[in-house]
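Two complexes come next, and they have one chain in common, chain A, joined by chain B in the first and chain C in the second.
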Partner chain A sequence: MCTSIRLMIFSIFVLSISLHAQNIVVIVNSENPIVNLSSIDLKNIFTADKAVWDEGNSIQLVDWKIATNVREQFYATILRKSPAIVRKGWVQKIVIGSIYPPAVLSSESEIIHFVATHRWAIAYIEKKELPSTVKTVTLDGRMSNDPAYQLK
Partner chain B sequence: MRADTLYSLKTKFTALSLLIVVPVIFIFMIYYPKQLSIIFEDALLERYTEQAMAASFGLAVGLSTENYTLIREGVAQVKRNKELLYIIILDTLSDVIAVDNRTEYFPDVVFLRNLPRIQVESSIVRLRQPIIFEGNLLGELLLGFSTNEIDERLGEIRQLSYLIGFSSVILISFLIWIMTSKLTEPLVKIAHAAVSFSKDEAYETIEVNTKDEIGVLTRTFNAMVGKLNDKTSALLESKRFNEDLLATIPSALVTIDNSFRVVSVNKSFCRLFQVLPNTVEGHVLQQVLENLGFPQETIQSILYGKEFYDVEIRLPVNQSTMENQPDDIILRLTLTSIVRHSVSSEQLKSMLLIIDDISSDIKAEEERIKLIQELNVSTTKINTLSGLLPICASCKKIRDDQGGWNVLEQYIHDHSEAKFSHSLCPDCASKFVGDLPSINKKSP
Partner chain C sequence: MRGVILIVVIITAFMQNVYSQDRTFDISGYIDVGVAWLGEREISVGDTMLSTTEGKFTFLTQRFNLLPSTEFGRFKVFANIEFSNGFSTEHETGNFQLFEAWSQYTISDALKMRGGIITTPFGVFNQIRDASPTHLGVLPPSVFDEGFEEVDFMPMYTNFLIFGTTDFGSIQLEYAAFTGNGKGVEGETSIDLNNGKDYGARFGIGFSDEVTMGVSAWKSGLEEYENNKKEEHTLYGTDFLLSIGNFEIRSELMPGFAVINGNKFFKATFFVIASHTMNETITPYILFDYLRDDAHIKLSHIQKRYSIGITYKPIWRTALKVQYVMDTYARPGVNDNSNIFMGISILF
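Coming up: the complex of A and B.
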């Protein structure tokens, strides 16, 4: 019973997101050597299943605060989980102590600033002009202007 | 006569004190860790509860604002506790949000949900802490802590209390021993002094400076012994005087008690019978007299006769203990009873046997009698020739008591030891020679 209610809520959530779809880009610090991420890696990073970069450095995750369109769109398209489920995963990981918890910020400028100041940080924002200290990474080898880009 | 160490006052005091103190210490050793464990357990539970509350507050804020840092800090609050066994976060529907199970102490969640807020089990403390933010229940935090810390601390407390307890027993025993030694020291001194005093050894005054009952006792004892010493000295002096007095008495004296045992003998007795006092004193009179060679009928008379008895006996030479005695001994025995009164006015009956060696007296008497007899005879004889003798003026015959006339020579011969040998005096001789000239001429 509980699970069906949750599924229903999630479907409504995904539908509502699709109505307000925006072009989202994944950003990292410009010093981070990463240039491309697969959508699975991205999902694993944001569901706390992947905690380190390929070079072995801990990933410093940045997320949006609750109930923002960008976050809801990102969760619906990439993570394909409700924020509650994702949060549960994060809480579980935090409780176990296996990962560094994500920073939850409320504005784009804060997020950009965080990524710019943290070398191994990763975040997602609406596509826009970025400072030189931050760069976007391709998703599954596709740029954000690619029609097949997943985060549209 | 020395107090047995096992039963000495010091041992008794120490044992009694230990009998009181040791159970108290043992009760302390049991009671103290128990009380401490309760206090310690309460303190620990309070600490765990505080940690759970702090964690739930961090979780509440973190979950409601999705501030993972706060969640992490909240969790860290309890995870810093090394006794933590498990941490479970439930949502409002009691679904598990997160679990960190460090050990096998992770039971069924349904079981945990139905537990009271705090449950202390044998090896685990289980806590349930609601996660509430601004009055809204967000979930529940379930924590399990090991009781190892409590157990370890209790073990330490127990060990410490045992150490303190046993050390206290040893220390208190030592202190009690010293204390009782100090307390009983004057009593021990008094006891030793009393023993010495009873053995007629020199008594040294006990030095006790305390003003308590023992001090009073000691001073009184010293005074008492001083008086006793004075009286003993006086008695000894009196005894010596009596002994000297008895020694000067030539009669042999034997003091006998009412059970016919020899109490004492004087020097004359020893001298007479050539025995030592200790071979006689304390012995049964009958045996003593038998050994001395007294006739059996005399002994029986002394033992079963009258209170006053006076007899002379003769001890044959071969039966007497006396050596170098050429003749039989003649003894005069006089038994007289003595009634004395003790200090408690009790009548004490004893007897005195006086033995006099009258052998020489008897001998002297016999000699005297003989002499008298001889003297009487002589006197008689002298008396025979004394007095006025009627003698014939002519023929010189003497008239005897019967009126007969006896020749002078015959009369004197009959009435004296004198004997006559006939001869001529010069006058008679000249007279006769004159008648006989031939004879006279031949004479020078």
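Coming up: the complex of A and C.
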């Protein structure tokens, strides 16, 4: 009886995740030469453990201010930490000069505009058509339409 | 001397911003305001006496820190400048401190080089000991107690640093190696006597983002004590972080000694803090601090501090904090005391 209930709850949980799951893409400025990131690098970037691009320039983080489905899915899939824990790490890195204060924005249009105007910025959004000043990067060598793409 | 360095850093930062659109310039910082109710307590009077004071309400150190930085290619310049308690040169009030001012050359995350006035990466928290937004409590852990600032005990600053992090699968390695003037600087003139270079290193290893352990070592230059006897000495420290979901435990141990008036005294600090973050905004925590200072008349020789507190972050840059603190002392006749601290830290 107990096992059945657990199975039912788990099924509902999986169903709810799949219903809400969205195809998320990682975006950077089109002048950034990066074309691919590993999921480990992506995690390290957003936890501020990786602070610079290969060119030596500081990475400018952009994150969602509000708890959207996109943010929840990204944190659960890639970072596997809560926003509170991640942001505590940001604060420690900011005060010792390791990173610039991340831009925490409320809307998709704000995020896209920020990435378009900051050469070394990185963000994640729901998959959509993008302006030419912004491009997506592959994740672990996979494009967002790949069945094995991690942020589906 | 520090004033000159500060001016150079600021001018450099602005010049880089003015002359190149491709260069990044940023000023962030933090403000720290706090109050406390301090219970009845004994205070040290002179070298041997204690006196009891009544409980009182007081304001804590009011801080305003500026963090200017600029970046051009692989070079970065950064400073941490603190003004506290209504700083004024005209009225000679308050304090001004230059915590850090350095230039960094970045090859990659695995290899960075830094030169200037640098807080020493001795333990996890040493670099951030003065930055209130990084602490859950109003009072930082006792590792950073002002009574422990003698450089004999803990390396406060260094001048050249090589550091980095690198991943091997789920294992993360951190390293930092540094060298500086140590005690070989003539106090009044700041002339490097070049006879007290110190150097040290920290190595850390992390597993699956959940456990990080670090060890630090620091070897300082010639030290005079016991009738001008000279020797070098080495200090060691350890740090530990366990982070599972929203639950964290951090601790740090720093044994060492200080030389005061030609005599050598044992010192040590240890803290452990456990916290759990709820709803992204509320973090209750408990903190235990242990201090041993054989030269301190009141501690003589041990203070244990028990704290319980809560931090509320309505937004991630702002923290409202309440902390209840009870101090106990090993010395007979020195009573326990209870205190309540409240504060707000804003990062901008």
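Rule of thumb we're sticking to: the second predicted complex is superposed on the first by the 132 of 152 C-alpha atoms of A that agree within 3 Å, B and C clash if a C-alpha of one lies under 4 Å from a C-alpha of the other, contacts with A are read in each partner's own complex, and residues count from 1 in each chain.
Everything that follows uses one rule, which is that contacts are C-beta pairs under 8 Å (C-beta built on N, C-alpha and C of every residue); 3 or more make two chains touch, one makes a residue touch a chain.
Remember, it's a predicted structure, so these values are computed and weren't measured experimentally.
A.B. asks: Identify the partner contact of A:Ile40: answer first if only chain B is touched, second if only chain C is, both if each is, neither if none is.
C.D. replies: In the superposition, A:Ile40 contacts chain C only.
A.B. asks: Is A:Ile66 touching the first partner chain B, the second partner chain C, both, or neither of them?
C.D. replies: In the superposed model, A:Ile66 contacts chain B only, not chain C.
A.B. asks: Thinking of the overlay built on chain A, is A:Arg80 touched by chain B (first), by chain C (second), by both, or by neither?
C.D. replies: A:Arg80: touches chain C, not chain B.
A.B. asks: Looking at the overlay, what does A:Thr117 touch: chain B (first), chain C (second), both, or neither?
C.D. replies: neither
A.B. asks: Between chain B and chain C, which one contacts more residues of chain A in the superposed model?
C.D. replies: So, of the two partners, C touches more residues of chain A.
A.B. asks: Considering only touches as defined above, state whether A:Val104 meets chain B (first), chain C (second), both or neither.
C.D. replies: both
A.B. asks: Applying the document's definition of touch, where does A:Asp54 land relative to chain B and chain C: first, second, both, or neither?
C.D. replies: Only chain C; A:Asp54 stays clear of chain B.
A.B. asks: Could you look at A:Val95 and tell me whether it touches chain B, chain C, both or neither (first, second, both, neither)?
C.D. replies: The answer is both, since A:Val95 touches chain B and chain C.
A.B. asks: Both chain B and chain C touch chain A; at which residues?
C.D. replies: In the superposed arrangement, which is not itself an observed complex, chain A uses residues 83, 87-88, 90-92, 94-97, 101, 104 for both chain B and chain C.
A.B. asks: Where on chain B is chain A touching in the complex?
C.D. replies: 63, 65-69, 71-72, 75, 79, 87, 89, 93, 95, 97-100
A.B. asks: Tell me, which parts of chain A touch chain C in their complex?
C.D. replies: Result: residues 40, 43-44, 47, 49-52, 54-58, 67, 80-85, 87-88, 90-92, 94-97, 100-101, 104, 119-120 of chain A touch chain C.
A.B. asks: For the complex, give me every residue of chain A touching chain B.
C.D. replies: 2, 63, 65-66, 83, 87-88, 90-92, 94-97, 101-104
A.B. asks: Report the residues of chain C in contact with chain A in the complex, numbered from low to high.
C.D. replies: Those residues of chain C that touch chain A are 22, 24, 26, 28, 30, 65, 67, 69, 71, 73-74, 76, 78, 80, 100, 102, 104, 106-109, 119, 127-128, 131, 133-134, 165, 167, 172, 209, 243, 245-246, 248, 277, 280-281, 283, 313, 316-317, 347.
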